[in-house]
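For reference, chains read A, B and C in written order, and residue numbers begin at 1 within each chain.
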Amino acid sequence: MNKLLASAVAALVLASSPVLAQPTDILNASYDIARELFEAENAAYAATSATVTVNQSHAGSSAQARAILEGLQADVATFNQVTDIQKLVEGGYVSDDWASEFPNNAAPFYSFPSFLVRAGNPKGIKDWGDLAAEGVQVIFPNPKTSGNGRYTYLAARAWATEEYAGDEAKIEEFLTKLFANVPVFETGGRAATTAFTERQLGDVLVTFEAETLGVVKQLGADKYEAVVPSVSFLSEFPVAIVDKVVDARGSRDLAKAYLDFLFTPEGQEVAAANFHRPQDETVAAANASTFPEVRLVTVEDAFGGWDKVASEHFADGGLLDKVFVNQ
Amino acid sequence: MVGAPPRSAGSILLILLAFVFAGIALLAPLALIFSFALREGLGAYFAAIFEPGTLHAIFLTVVTAIIVVPINMFVGAALAWLVTRFTFRGQQLLVAVIELPAAISPIVAGVVYLFLYGNQGLLGPILQPLGLQIMFTPLAIVLVSLFVTAPYVARELIPLMRQQGTEDEEAALSLGANGWQMFWHVTLPNIRWGLVYGAVLTNARVMGEFGAVSVVSGSIRGQTNTLPLQINLLFNDFNIAGSFAAASTLALIAVVTLLIKSALEANVRG
Amino acid sequence: MAKQRSKHLLPGFGLTMGISLFYITLIIALPILAMLLKVAGMGLPEFWRIVSSNRALAAYRITFSSALIATVINGVVGLLLAWVLTRYRFPGRRILDALIDLPFALPTAVAGLVLVTLFADTGWYGQLLEPNGIKVNYTQLGIILAMTFTSIPFVVRAVQPVLEEVDADFESVATTLGASRWQVFSRIIWPTILPAFIGGCVLSFARSLGEFGAVVFIAGNLPGLTEIVSLLIFIRLDEYNYEAAAALAFVLLVVALATLIATNMLAAWQVRYVGRKS
C-alpha cells in the first residue's frame, strides 16, 4: 500500500513538473471537431519512424488558446483560426514569425463553413439567405469561444456583403436575424454537432465541411445531407510550435517533426480521408471526388486581413457584438 | 425504534409507493447503465474498457482517490479532534469554513483554483517562472478533489466524537498513556467506523467529481482525463457504447460504496 | 483566533490546530481569496452590470425555480420514504434503505448520461412520455428531474433518525386516548420532525442550486430557457471573460454561505426545540 502510494505520488510529481530529460511525448492542443482527424494523423505518424507519443486535447479553438495562456503545456497548437494563434503571439507563447515556419502560411489543410440539414432538407435550405428566414433554427458554436463559430460569422457576412452590395445596414439586419435564429451557442464545434444530431435541435447545422461530411459518413446519408452554399469563407487551419513550452521542455525538434509530417503526402492523405481539404495538389487531385467545387473568399479579399478582422469585428464592442445580441 | 409489519391497507399502499418510486427513480437508472454497457456483448464491453484512453482515465481516477482519501481522513480526524475536544474563539467560523466546499457549486470550486494557479491568477505568475505548473496537471485534479471533499470525514466524526465525550480518553491519560497511545488505543477504535464511513463518502465523491475537475483538467486524452470526463468525451465522440462502458465502472464502484455503507451503518448506528 | 480559553486535560490542541489551519488556508481559504480579489478588482458598476444582466437573471430564475420544485418533490417523497423505512418491517427493506443513497454514490456525470438516455424519445421512459406530449430532455423539466435525482437522499436521511426517536408508546397512548391517526401525526410526529425536515430541505435545495454534472447533460443549455448559473460561469470562463465568471461565482458563493448559516441556525433551533420538549 505504501509502495503504491509512493509510486503514485512520484507519477504525479513527474507528470506535473517539467521533464528535464529529452521528452518522449508532446501535446497537441487542437480544435473541437479535429478529434477523429488527429487520432488518424497520430496513428499515421506513429507508423512512420517517429517514436514520440502525441497526446491530444480538444476544445473550442479559442478556449484552447486561453488554456495555453493559463498554463496548458501544449507543445503544438493546431487551431482552426489565425486569430487564436495571434492570442498566443500576444501572450509571448508563440514567436510572431510563426506563419513562415511552415509552408503555405503554416496551414496544412483547409475547410470552410458549410451546411448540414436533416434528410430530405425539409426547410429547403440552399444558401446563407435561407438561414435568416423566419421559423428556421440554426445551430453553430459560440463565436466567442470557437473559431468555427467566427468563421460562420465571417462567411455569412461575406455572402451578405455581395448580396446587399456592401449596404452595412442591410448586412447587419441579415446577421442579426441569423444570430436570433440560433437557439443555443455551444462552446465548441463538436458540442454544436451533438446538439444537432443527438439532441435534435435546429433545422441546419453550420460547421466546417470537414464535420458535415464526417457526420454524413458516420451517422448515415439516410439521416443527414450536406449542403454547400453558393459562396463560403476560406478557413485555413494554422499550426504553430508553442515556443515557450517547447523551450522549457526541450521538445522543439519533436514538435517541429510532428508538424512537418502534416504537410507530407501521407499526412495530407490522412487529412483528405478525414474530410479536411489538403493543400498538396497531387493529394487534392486524387480526392477530387470527395470535395465538390465551391467558391471561397479569402480574409484578404473580403476583410483586408486578420488584423483588421480582429480589431473591427472580434474586439469587445466590435461588429460581432452588434449582431450577437443574445449572448 | 423497531418497525412493525404493516397492518392496514394504507400502510401496504405506502410501502408499495416507496418501492415504485425507488424502482423508477433509482433502480432503473442503475439497470440502464449495465444494460447499455453490455448491449453489444461482453467482448465489446471489455474492448471499450481496455481502450487506452479509458484505461488511463481509470488509472488517474484511482490514483487521485488513493492520494485524496487518506489526506482527508487524516485532516478530517484532526479537525474533529480540535473542534470536539477544545473550545476556542473562532470555532464556529472554523466549522463553517470547512463546510463551505460542500455547499458550493463544483464549478465555483474549479473557478477559485483557476484564479489561484492559472497564469493570470494570484499565484500562477509567481510559480510559473519556477517551473511549477499546477493548472491542467493531475496535481490540479488532486487539489480540487481535496477541496470538494474537505468536509466529508469531519462531518461524520464531529457529531460522533461529541456524543462519545472525553471520559475514555481522560481515563487513558490518567492511567499514564501518552497522547499517541491514547489516540491509537482509545480514540481511533471508538471512531473507526465513522472514519471509514467518511472515507467511503469521500472516495465516492472524488471518483465522481465532474464540474470542478473539468475546469482545471485541460482534458488531455490519456493524461488528465478522469473517468467522468472520459464519459463526457466519449459521448461527444458519438461513442455511446464506450461512454456507458466507462460509466459502468463508476456505477460498479457506486454499488460497492452502497454495500459498504449499508454494512457500516449497522456499526455506526448500533 | 486560536487562543485556548480554558485549560484542557487532553493533548493535541497545538498539533490539530496547526494541521487544520494549514490545510484550511492552503486548500480552502487561499483559492477563495483569489476569487474574492478578482471580484474586488472590478468596479461596483461593472459587477452590478454582470450580475444583473438579462442572461444572468434568466439563469438565476431557471436555477432557483427548478431547485425549488425539485426540493418540494424531494420533501414529499423523502417524507414518504423515511416513514416507510422507520415504521414498517417488510421484505426488501434493507435494499430499499441502501438504494436511497445511490445518488450520493453515483457520479453526477453518470447520472446525467443515464437520465438523458432514459428520457430520449427512444428511451425507456421517453417512449412512454413523448407520445403524450411530455418532453423531458433539453427542457426545464429535465433540469428539475436531474436536480431531484441528485438530491433524493437529503430529506430521507435528515428525517429518518428523528422519526426513529419518536416514542411509539407515546403514540399508542395518544391513540388509546382517542386521537385519530391524523391527529397523532399532525400534533405529535410532525412538530418533532419539522426542524430536521426543514434542514433536509435546505440541504437538498443547496445541492440542487449547485448541481452541474447531471444537469448539463439533460438541460439543453439554451440561454434564457434552460441555462443554469453554473453553466453560464463555465461559458464565461471559456470566453475568457474572467470578470463575469468571477462575479457570477461570487453570487453562488454568497448563496452557499447563506444556506450554511441557515442550516446552522436550524440546527441550533432544533437543539433548543428538542431540549424544550424533553
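Observations, loosely collected:
The rule is short, and it goes like this: a contact is a pair of C-beta atoms (placed from the backbone, for glycine too) under 8 Å apart; a residue touches a chain by one contact, two chains touch by 3 or more.
All figures in this text were calculated on a predicted structure; none of them were measured in a lab.
Distance from chain C peaks, on a Cα-centroid basis, for A.
When C-beta pairs in contact are tallied for each pair of chains, B-C comes out on top. Centre to centre, using the average C-alpha position, chain A and chain B are separated by 37 Å.
The distance from the centre of chain A to the centre of chain C, each centre being the mean of the chain's C-alpha atoms, comes to 39 Å. Separating the centre of chain B from that of chain C, both taken as means of CA atoms, is a distance of 16 Å. The residues of chain B that reach two or more other chains are 114, 120-121, 235, listed in rising order. Multi-chain contact residues, meaning those touching two or more other chains, occur in chain C at positions 234.
In chain A, the residues touching two or more other chains are 59. Residues 1-6, 11, 14-15, 17-19, 21-22, 25-30, 32-33, 36, 74-75, 78-79, 81-82, 85-90, 92-94, 96-101, 103-108, 111-116, 120-123, 143, 146-147, 150, 166, 169-170, 173, 178-179, 182-183, 201, 204, 207-211, 214-215, 227-229, 231-232, 235, 243-244, 247, 250-251, 253-255, 257-259, 261-262 of chain B touch chain C in their complex.
Only residues 59-60, 62-63, 66, 142, 144-145, 183-187, 199, 201, 326-327 of chain A touch chain C when the two sit together in their complex. The residues of chain A lying in touch with chain B in their complex are 4-5, 8-9, 11-13, 15-18, 27, 35-36, 55-59, 67, 69-73, 190-191, 194, 197, 218-219, 248.
On chain C, the positions that touch chain B within their shared complex are 1-6, 8-13, 15-17, 19-20, 23-24, 27-35, 37-38, 77, 80-81, 83-90, 92-94, 96-111, 113-115, 117-118, 124, 148-149, 152, 164-168, 206, 209-213, 217, 229-231, 233-234, 237, 242, 245-246, 249, 252-253, 256-257, 259-261, 264. Within the complex formed with chain A, the residues of chain C that make contact are 55, 137-138, 220-225, 234-235, 238-241.
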